């Protein structure tokens, strides 16, 4: 019996490939500790998309931490990364140890906090802007470490401003646009009157995006119940105001964002301003290459606003969640995020990084050498609201943006008939 | 793969096949093509080639020029080699991806052709209980919407421990309903019963009959199927992306990383498309003649 | 029985068993990668099932009735059939015609044949870009051409019908050459002496085509019609790539059934149960339409064959 037991133990050791060096050991559990603290080597996978700017950081980590090696898995676009993540969450396996997510996915993921490890830790307290942390906190549980944010400013074409008799200097433009959305629309009307066919902004949908991110609870009550669209007077007023400005006052170029026409519009002087979060600068620079006159003003209608940004989460199905948490904490530390900003322009969400000279001194020659680091840092400080986005936020907001698109871009409906369709579409969702 | 003469065929693969080849060679198209044929085909060809040329035009251009001109000029830009170099230099495991793509495409196309012809032979020429029912079932399996199969299929692969491994992409593609249906329909007309009977009278076993009579008769359709399967596997993106990911990618999975930023540099992306498509075109050039020879077996030689 | 020698008995067994052996690889692979997903989907469809949250209460046919009451279901059913008709009918006809021209003694056969297949080889990202540039409403080539000849621009995205035409064009572009080669392979299998006989009888080329070629292509036409029915009713990539949002337009004017499945399961609601229910409904629709098409095609092709024999 004893020899049989020994044989079994030896077999177990072999199969576990564990460090059963002494032939007489009977402790079969010694090979299964995986927390990375016992000198055991672990590999942590990090799944990201688009550009997180982590390539060099991961090399740096791997060189300094032989025990915890990090492997980077990339997907091109956030849509693909999202399909990937949802499939793996649904199948219950296959997720990376650290999964990057966009802020927009939070409402649906937040319904399943158990799928993620609680990342609260005294060492990271106060690391991020309050509203950034707040959006990823579910019942006191922190499900993601903030990486970057998208504080919004106004990008404008100084050359087109000049032709229409508006100031061109970025400080003067900031002063001119200082105020609420009415101010922004009023200046737009002055511009359009003299611009000779150039619109004020690209689309009604983008404007809606900017406005709704300044509301505390736009489409749902904070307890998670949806606000029926036909009774949501606030949204209806906002809808009418946007379409009044876009269509009746002809401020919108009617180009839905990311479409072929929109991309071409940058080269054809179709519009003079855009609401631009930090990450949009690269998009403008690429689409408008060769166009001179773009600049950034340190202002945003109605105060501050944030659009987009990401987090790192640690899915609970992983085997090495402690080590993963450590890596995620390191990657999202202010020093690292400042380096990521320098390499790929992802604007940091960490309080300390916003004071980092590497961020503040950053300027962009395409935007007439605008000090975009300083401007975006100011814009980030101006954000005060993290809008409540519950489980049905995306279903409802799609209904509203579709309604805007029908009037602004497709021109198949007027404001009233499109709203009726939206109310029907809302009812068809079957969520109230 | 030169055309086999009938005495040689008789020696190698039996009388049945030799008779089939003789039969085929004695027919020939008398249709001499008129100028109208060339005109129609030239138009079709121009439409077909344009997207490929368009890809090359963008790959030889730069992002700003592409954004400025909705329709690119027909003269290529100067940046083609630079863009290709940028693709080759980028950190996307291109060579590993190329190797993986070759393995997956070769294995699946060989396997699909073999197993589909085998099943097609049985469905079209052998009598067995439940034949029609099973064939309808095969066709019906094509009607299952693929989008929804992803989650259960991922669960299967995860249980098998195949996530991130090539067999997760290869095994589902080993034999397809499309291939089975196609070979069945083709062999139904192309393989006369008398040939099978002749082989059986000659004392050939069932599998030998398949090998020496059905396979040669199936060659035209089989080379088409191989081509379609190869190309389909080469361009397949979604499932390999989900199950393999960027750590052990196939070409499309690795190339999609070229678009990983908010602003898409289409000159770079299209250079990547060229890099992925060129091996396929080279294969066309080499295998094309043989493929056509396969398709052309029914037509006259010389 | 006792009269049979051992060898004969073995041979008989061989004849009986080999068909099953030959078709078994397909069914084995299908059992792993097809049947399980199918049954799993059926199980999901009778439950409340959130994609991430997982299995909820069993609700019988609740998902099915809920989906049938949604206007978007009917809209996507309409769109699917509209795009299907606009693509499959012209495509099959064009493919036969192209194959007919290819099935001649032309020079440089490889060149023409491979050329026809090129659209199938080009990566989808390139194809979607090309068509985005052609069908862009303000900056597109199609509307620029219309303007040249003095016509009003077409709302390629705003109008349901024209968006279907544009999407059908993308489909036809990619698959016509592919189907042409399928027809070509089948035409090559037609014994040439039948043509010779028809020509000797004094039949015109046109008549030969309809009374000889088409009937002889019967199994292949059935094959192409059924596979393009199945593929056409599951159309997903082309309408999804038709704009950058991929949700079927602001009025869901080009959302197809598979996009609807995707939207239900992976979109804002993540209702895997309802997505599974629509999958099964679509599955049944395809079976019914496929069967109808099979019967019609068989009828047409066999009545032609009779005509030919007369």
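By written order: A, B and C. Residues from 1 in each chain.
Definition applied: a contact is a pair of C-beta atoms (placed from the backbone, for glycine too) under 8 Å apart; a residue touches a chain by one contact, two chains touch by 3 or more.
Given the structure is predicted, the values throughout are model-derived calculations rather than measurements.
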Find the chain most remote from chain B, comparing centres computed as mean CA coordinates.
A
Interface with most residue-pair contacts lies between B-C
Let me have the rounded angstrom distance from the C-alpha centre of chain B over to the C-alpha centre of chain C, please.
17
Between the Cα centroids of chain A and chain C the separation in whole angstrom comes to 38
Junction residues of chain C - those touching two or more other chains
51, 133, 136, 139-140, 272
Junction residues of chain B - those touching two or more other chains:
70, 151, 155, 259
Scan chain A for residues touching two or more other chains and write them down.
83, 90, 92, 260, 264
As the complex stands, chain A meets chain B at residues 45, 47, 49-51, 55, 71, 73-77, 80, 83-84, 87-88, 90-94, 260, 263-264, 266-267, 279-280, 282-283, 285-290, 344
Contacts from chain B onto chain C in the complex sit at residues 23, 26-33, 37-38, 40-41, 44-45, 47-52, 54-55, 58, 70-71, 115-116, 118-119, 121-123, 126-128, 131, 134, 138-149, 151-153, 155-156, 171-172, 174-175, 177-178, 180-182, 185-186, 188-190, 205-207, 210, 220-221, 224, 227-228, 231, 235, 237, 252, 259, 266, 269-270, 273, 276-277, 280-281, 284, 288-289, 291-292, 295-300
What part of chain C is in contact with chain A in the complex they form?
51-54, 66, 70-72, 132-133, 136-140, 155, 157-159, 243-247, 249-251, 266-270, 272
Counting only contacts in the complex, chain A reaches chain C at residues 79, 83, 86, 89-90, 92, 108-109, 111-112, 115, 255-256, 258-261, 264-265, 268, 392-395, 398, 401-403, 405-406, 409-412, 421, 424-425, 428-431
Using the touch definition from the top, list the residues of chain C that touch chain B in their complex.
14-16, 18-20, 22-23, 25-27, 29-30, 32-34, 36-38, 40-41, 51, 97-98, 101-106, 109-110, 112-127, 129-130, 133, 136, 139-141, 144, 173, 177-178, 181-182, 184-186, 188-193, 195-196, 199, 216, 218-220, 222-223, 226-227, 230, 234, 236, 258, 261-262, 265, 272, 275-276, 279, 282-283, 286-287, 290
